[in-house]
Amino acid sequence: MPINLYIFLALALFSIGVIGVLTRRNAIIIFMCIELMLNAVNLLLVAFSKMHLADSSNKAMQVVTNGADAQLFVFFIMVVAAAEVTVGLAIIVMMYRNIHSVDVNFLNRLKN
Amino acid sequence: MNAIILSALLGVVLMFTGIFTTNKSTIRTVATAGLLLLLLANIAEMNGWKLFEVNTRNMLVFNKFGLLFNTIAFSATLLYFLLSARDILKVGINGAEYFALIFFILCGVSIVSSFNTLLLLFLGIEIISIPLYILTGSDKRNLKSNEAALKYFLMGSFSTGIMLMGIVLMYGAKGTFSIDAALQASNPGREVWYTSGLLLLFISMAFKVSAAPFHFWTPDVYDGAPTVFTSFMATIVKAGVFIAFVRLFEYSFSGSGYDWKLIVSIVTAATLFIGNITAIFQQSVKRMLAYSSIAQAGFMLFALFSYNTLSREGIILYTLGYSLATIGIFAVLVKMKDYTFEGFNGLARTQPVLAATTTIFLLSLAGIPMTIGFFAKYFMLASAVKSGSHLWLVFFAILCAVVSVYYYFRVIQSMYFKDGAGATEEISPAFRWILLLMAGLIILFGIFPNMILNYLYF
Amino acid sequence: MVPVLLILIPLLTGVALFAIRQEATAKSIAFFSTLVSLAVMLAGMSVWKDAAHLSFNQPWIGALNSHFHLELDGMSQLLCLLTTLCFPLIIYSTWNNTYVDANRFFGLMLLAQAGLLGVFMAMDAMLFYFFWELALIPLYFLCSRWGGEKRIQVTIKFFIYTFLGSLFMLIGLIMLYFKAGGSFAWADFVKLSLTGREEMTIFILLVVAFAVKMPLFPFHTWQPDTYEQSPTAVTMILSAIMAKMGVFGLLRWLAPVVPAATYQWGDNFATLAVVGMLYASFVAIKQDDLKRLVAWSSIAHIGLMILALFAPSYSGIQGIMIQMFNHGINILGMWIVVNVIEQQFGTRKISELGGLAQKAPILTILLVIIALANIAMPLTNAFIGEFMMFNGIWGSTATKFGMVYAIAGIITIILSAVYTLRMVQNVFYGPTNERTEKAVDIRFNVQLALAILVVGIILIGIYPKPLLSMTTEISQQILDRMNLK
Amino acid sequence: MNITEILFWLLTVVALTGALLVVTSKNPVYSVLALIATFFAISGHYILLNAQFLAVVNLIVYAGAIMVLFLFVIMLMNLNTETEPQKNKWLKMAGTVAGGCLLLVLVAALREADSKSTIAMVNTGDTGLIQNLGKTLFNEYVIPFEISSVLFLSAMVGAVVLGKKE
Amino acid sequence: MNNIIDYVWLVPLFPLVGFLLNGLLRNHVSKSLSGIIGSGAILASFVVSILIFLQVKGGSTGVVTLFNFIEFGETVIPFAFQVDQLSSLFLLIITGIGFLIHLYSTAYMHDESDMHFARYFAYLNLFVFSMLLLVLGSNYVIMFIGWEGVGLCSYLLIGYWFKNIEYTAAAKKAFVMNRIGDAGFLLAVFYLINKLGTVNYIDVFSKVDALSGQDLTIITLLLFVGATGKSAQIPLYTWLPDAMAGPTPVSALIHAATMVTAGIYMIARSNILYTLSPVTQTVVAVVGIATALLAASIALKQNDIKKVLAYSTVSQLGYMFLALGVGAYTGAVFHVMTHAFFKALLFLGAGSVIHGMHHEQDIRNMGGLKKYMPITHITFLIGCLAIAGIIPFSGFFSKDEILAGAFAKNPLYYVLGAIGALMTAFYMFRLYAMTFQGKFRGTHEQEHHLHESPAAMTIPLVVLAIFSFGGGLVGIPEVLMHGGHALNEFLAPVFAESTRRMTPHAIDHSTELILMFGLMAVILILIVLAWRKYSGYQKSDAEETGLGKVLQNKWYVDELYDAVITRPVNGFGKGLEKLDRFGIDWIVNGVGRSVQYASRQLRLLQSGQVGSYVLLMVLGMILLFVLQVFLKK
């Protein structure tokens, strides 16, 4: 498949994630949208991994990688995402315990 | 490598200390001793004595620059511990864990000061960020602390997403995550991926160092977090990220073949402007310092703007000067009963040593000669002048520096020239002596910056 | 050795004073220290006058190739003499003023002295900048801590204003540093040959700092307020010595370093100077506050020095140098009188005073002589300086408008008589009022201080040759660099 | 259009629809479910790209563990109804427009690349196999792997700090 | 002591020592002692001056350099004294009359306390010192030192009674007006230095051909500006009448005999420059004659005894400038001399009257004093006759010489000058008649206390009266006596160069005689008229009207100056201060304010909402992308 398609797809997912962060007020949903952004990145990484694999059979291109590093990167992203989720949800729960809401609009004691 | 491994281990040690004892002074002693060990280990490595022989496969590169920075960061942390360890333990019941998290952060700092691949940059930044989210929210009953933690977390993860997108695009163009190898690989037609990716990476790093217009988290988080942790966050962590930033663009900008000066200058100018201007109207010293840290970041961005030897020296001096001064001020701030400017009224009468040292810290932040802050700013400005383009930025920076005098001096005015009680908590003599030591260092390095700079050339 | 001693004595004493609690002791130590400085300075001018004693050069910041280079050449000697002479007089004449935290007050005074002396002796731009600021910071604290009602706003404005100027100067010095191939040495700066554009940029950057400090119209608005609000002892430093920093900067770091731009901009700045002189003189006529009056008069007098620099000639340049000294001691005398009046009557309003001549004849006599020096009567020191400056301005070959400047400038000579005599008339002459009814004459210390000044004023006025020969060489050097005769 | 392309487009549509649903649905539970659907579609893409290991890990870690955690928290907080009041409409609009612009700009920027002929290898290649990845991970990538343990440690400590009752 | 000229520095030294002694010891010396110090110093100077004069008369002149005053580059300004015919003559006048006035003062000022008495003599000595510097200086700078010095002393002495704020105001006015003139003088000096590199008279005059006509005109005009200030000419004359606030002997010495003639001395000294610039000469003559007429007309209606004399002085100074303007330098110097005698006499006489009347100065309250103060009366009458120009009184000769010179240059000058002379005669005898003739119009108490002044006052009067009577005999015109003009011969070396270059305007003897005696006849008629009219003067409350009122109010010149200069300057000062506070400073503070305002507004960006933060971040990203990727290629 042309790499451009994957790029556009990843960008679309990424942007939808961004839009979600921008428009939603529920902290959990915002967090989910961020996960969506990370997944868009993962998808693109895998696509690039395969692109570079394709390049490696092309003599004109400088061969740098067989794409394994990208897939491992995806792996590490997932690791980090998991860690983040642990912490993030802990924070959200703590927040909820205090104000009984996860609406980010209520977070406005700190301003100006 | 000494630093990375030791700091991770020390983090674990502290975790276990927390399990076996609740004695605060034990925890404090262990943490301080551990940090001293860490510092010594790093100095040992600077002198070529490696504790661990690890094949990093070129993913980590330890050079003088990074090691010197580590030394500075650890020394600053040591001073921070000496000044504020008691206050860290006052934040909540999980004293040992806070120290453990700080050690993990130091691990992250030593990773980002020596990374050679974007993967480790990413991991290092995350190792720094995740404990910070927690420390920010560690005052669990305090709604401001909660709010700050959540804001920081949401926006931090958002910027992580942007960073990753940037890394991916760069990888797409070059086929590698290694930052020096990326320069050799050139795939015609894909440069635009590289540029876009680099830009996204730049943006996310700008977020981490709170450069405008990606700085919005900074005032709220610094304000909301427990003051002791704000101190750590605003100094050592920020400096660490800056070193990563500089390290990253040391290779990347020059390799990209584009003129980055324009956008860097715009971001720098915006940071200076917003940081300085907004700081003026603040009523709380803590929040003022948050904005001031944005403003200082603006000056540090000069290191990126004009990449040359001067700026390399300068960023080291800058991080040192900035950290010393800010840690000192925050340590005093922690002791204050009232964080507003009025709270400082008459401090010179009630606590002359605190007032005098705070004055020196503030003068250093303002960049007055005879303090290291002056040389920090000097190197930044000189490097920009040397680079020869976008001179307007230099003048803009000057104007902003002048504005900064106004709000820094407001504190001095409160302490010295206004009447008031200037109430503080009880101050131990050791605290005073350490403050004096720091003030002394600031002046010493302010008169003889060579003592630091020589290390870069020995 | 002499330069180092001159810096170290006030610096170390100043720092040490912070530890001394007793007021009287602190004051005495400060006074003694300033006397020692004066003795060292005099020794430097008489006994140790070989180059080895008057110059000190050690590497300082290796990474920047900056040297700790101090030197006492003719111009420095003159200004250092002024500084070392003024400080003991200031402390002595204000001996009866009381200050809270007197030890800090005097400590800061001495730090300021160290900074000022450093400025006048530094031959390395970085060092110069250092001392430039070192002089400023203690004064900020002095003004803000011990000043009048509105001191906080006024001094922060003063500080920000001058700090802005000095940052511009810093950029200019950095540019010069790179142009000079990585050297801060004055000797390298004056060897540079820059393009017109570069000179222009550097000129503007440097001149701002000096213009604010002097101050040159229209950068002057901080000055009357600051002089008014500062404690008088500090005002003495500000106007007697610190204002000279700007002029000194022009002479040392501007004109010889960027001579072409100095020419090119000469007329603009000369015009500003003339306008400023007239402006200040006119404003001074209607001032009611003694401090503001003297402040404005100072602007007018300094304006003449600026004018003489931007319409340069040999006699003008040399005139500036000796006038820096002369104006310093004259205005110091004025301030001492103002201080006496303020201490005694608690007011500085001219309209609330009167008839002091009946009650305080000695004060009146001394003041009248100083006032006459202020309006440049012949046989007072100021006449020599102003004569040479006006002569230089009139005959300057650097500008086409020398005569116009001289004619416009000479109007201020007339106006200075108007406002000075108005002050004398309204404060000292006429009938006494209830406020001045119980006035007493000045104490011995003030008498002595003023008498020393008056003797100096008259001696220099009659026999200016020592001052002139001191500055001949350096004037020639500056003029050679500017390609002037 | 061969089967690969058909699958590609199908998965793409599912992923995008899922993503849009995540953003738009009022009920958080629906959002979670839509996100899981998206993850499935993305896993499908992985398989299509012959990255089986990642596809599986994605399903296990993301769809399995993480999303369940989300769901769990949402249930815990009793957020499964439409609790979210309407946000300021203008801000919402601005957010959408800004996101759209970002997409536009990114696409416009990346479209420039001379990569029309570049393809991502589909259905072939064995880099994605667990054996190869494992080898690389424990040879080349052992340092990041160890370092990520620090990350987990800190996350763990963090969870303890935040979760422990005072 | 074979060459006394080398010791010329003694002449100014004595008064300087006197000044220092009296000034520093003023609290410790008795009145008599300070009187002796003061007068003695001048007497000593006078003695030396006489010796010098004799030597100069023998033909030797010289320059005595003490030290180099100012040096820069090639310009050297020495502190040197030049002794020649002109300066030695002035030395005699200054020290001679100075001594008489010091002597007079010991009695006149006797009411003052010890300290102020000593102060008075200190000032007076300082004045003499300055005046001596002025005339002795061998270059323009030293002259300028004396020039300003006498201005200063005039200031100090006018404001001698400093408790009276009016007096100090008059003093200030005098000083400022002098300063205006001085500024012109200074500029001339600068011009000279920059053109010739020297200010020494000898060098300047020998290099005079190096100056173009324009240079000369400018220099001489600027110098003349100086002269108008010091010698009270239009437009700077108004300070002199006000200067009468000072003690009367001061008026006699400074504001009649010596200081005000400094301008004449200066022009006479620079005669060669003036001779070579006809434009300036015309200006000098016109200003001189205009001043003479204006002041004389004002004097007609003044009632203050000293004011009349003051305007008379202004008027006479006008004559001297007329003389200078027409090139009759000797005439001018001659008139300086005779004027010094008779005007000092008149002032001292007036002082005697005032002393006798207990500080009453209004002549409307006097009258009939001749029987109470006979010596004063006689001497005053001699003075009046002298100033009126009655042969053989001294004024006749000098005035005649001036008028003859004027006629030779331009008959119009003569006509105007003659009118002035007539007015002079009229107002002087009005003054005389109202003071000494008729009945006493003062209070009874005043009448009771009236008495002749003590010897210390009358002796100077008599001496001066003798000189006023006979002083003119050194300059008897050629028509009356061949070779009678001793002064002319004496001064000839000084004016030699001018004489050589001037085109002589000789008038024939018969015309001169007609003019001389015709004028004197008219003057005599006027004297009789005035005498008769004012001998029977009665006080009346009727206000003056018409021209009389204008004259009484001095042509409203003071008011004019007040409206045109003083008030605008003050207003300007006030306005500028406003401008400063609300203009420049407002802008400066405005920068601060706008930064504060920006701060207030900018912090609103920090809304506290995560959504808007992220929105702004995204917008920032878009902006950077657009800049970097699309706009920069």
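Letters A, B, C, D and E name the chains as they come in the text, with residue numbers starting at 1 for each one.
Definition applied: contacts are C-beta pairs under 8 Å (C-beta built on N, C-alpha and C of every residue); 3 or more make two chains touch, one makes a residue touch a chain.
Just so we're clear, the structure is a prediction, and the values are computed from it rather than from any experiment.
Colleague: Give the chains in contact with both subunit C and subunit E, ordered by label.
Modeller: Chains touching both subunit C and subunit E: B.
Colleague: If you walk touching chains, what's the least steps from subunit B to subunit D?
Modeller: Step count on the best path from subunit B to subunit D: 1.
Colleague: By the contact definition above, name the pair with the higher C-beta contact count: A-B or B-E.
Modeller: A-B
Colleague: Return the chain whose centre of C-alpha atoms lies at maximal distance from the corresponding centre of subunit D.
Modeller: E
Colleague: Provide the C-alpha centroid distance between subunit D and subunit E, rounded to the nearest whole angstrom.
Modeller: Going by mean C-alpha positions, subunit D sits 102 Å from subunit E.
Colleague: If you average the CA atoms of subunit A and of subunit E, how far apart do the two points sit, in angstrom?
Modeller: From the centre of subunit A to the centre of subunit E is 97 Å.
Colleague: List the centre-to-centre spacing of subunit C and subunit D in whole Å, with centres computed as mean CA coordinates.
Modeller: About 71 Å separates the centre of subunit C from that of subunit D.
Colleague: What's the distance between the Cα centroids of subunit B and subunit C, rounded to whole Å?
Modeller: Each chain reduced to its C-alpha mean, subunit B and subunit C end up 43 Å apart.
Colleague: Two or more other chains in contact with one residue: find those residues in subunit E.
Modeller: In subunit E, 592, 603, 606, 608, 610-611, 614-615, 618-619, 621, 625, 629 touch at least two other chains.
Colleague: Considering subunit B alone, which of its residues make contact with at least two other chains?
Modeller: 119, 123, 126, 130, 133-134, 137, 140-141, 151, 154, 158, 162, 169, 192, 196, 219-220, 406
Colleague: Please list all residues of subunit C that touch 2 or more other chains.
Modeller: none
Colleague: Using the touch rule from the top of the page, what pairs of chains touch, sorted by label?
Modeller: Inter-chain contacts occur between A-B, A-D, A-E, B-C, B-D, B-E, C-E, D-E.
Colleague: Taking the touch rule as given, give the residues of subunit E at its contact with subunit C in the complex, in rising order.
Modeller: Touch list, subunit E to subunit C: 67-73, 75, 115, 141, 144-145, 147-149, 152, 155, 159, 162-165, 168-169, 171-172, 175-176, 179-180, 182-183, 186-187, 189-191, 193-194, 569-570, 572-574, 576-577, 580, 584-585, 588-589, 592.
Colleague: For subunit A, which residues count as touching subunit B in their complex?
Modeller: Touch list, subunit A to subunit B: 3, 7, 10, 14, 17, 21, 27, 30-31, 34, 37-38, 40-41, 44-45, 48, 51-52, 55, 61-62, 64-65, 69-70, 73, 76-77, 80, 83-84, 87-88, 90-92, 94-95, 98-99, 104, 107-111.
Colleague: Which residues of subunit A touch subunit D once you look at their complex with the stated criterion?
Modeller: Listed in rising order, the residues are 1-9, 11-20, 22-26, 28-29, 31-33, 35-36, 39, 42-43, 46-51, 53-55, 66-69, 71-72, 74-76, 78-87, 89-94, 96, 102-103, 105.
Colleague: Which positions of subunit C touch subunit E when the two form their complex?
Modeller: For subunit C paired with subunit E, touching residues are 157, 161, 218, 220-222, 279, 282-287, 314-315, 318-319, 354-355, 357-358, 361, 372, 375, 377-379, 383-384, 387-388, 390-391, 394-395, 406-407, 410-411, 413-415, 417-418, 421-422, 425, 428-431, 463-465, 468, 472, 475, 485.
Colleague: Report the residues of subunit A in contact with subunit E in the complex, numbered from low to high.
Modeller: Subunit A residues touching subunit E: 18, 21-23, 25, 30, 104-105, 107-112.
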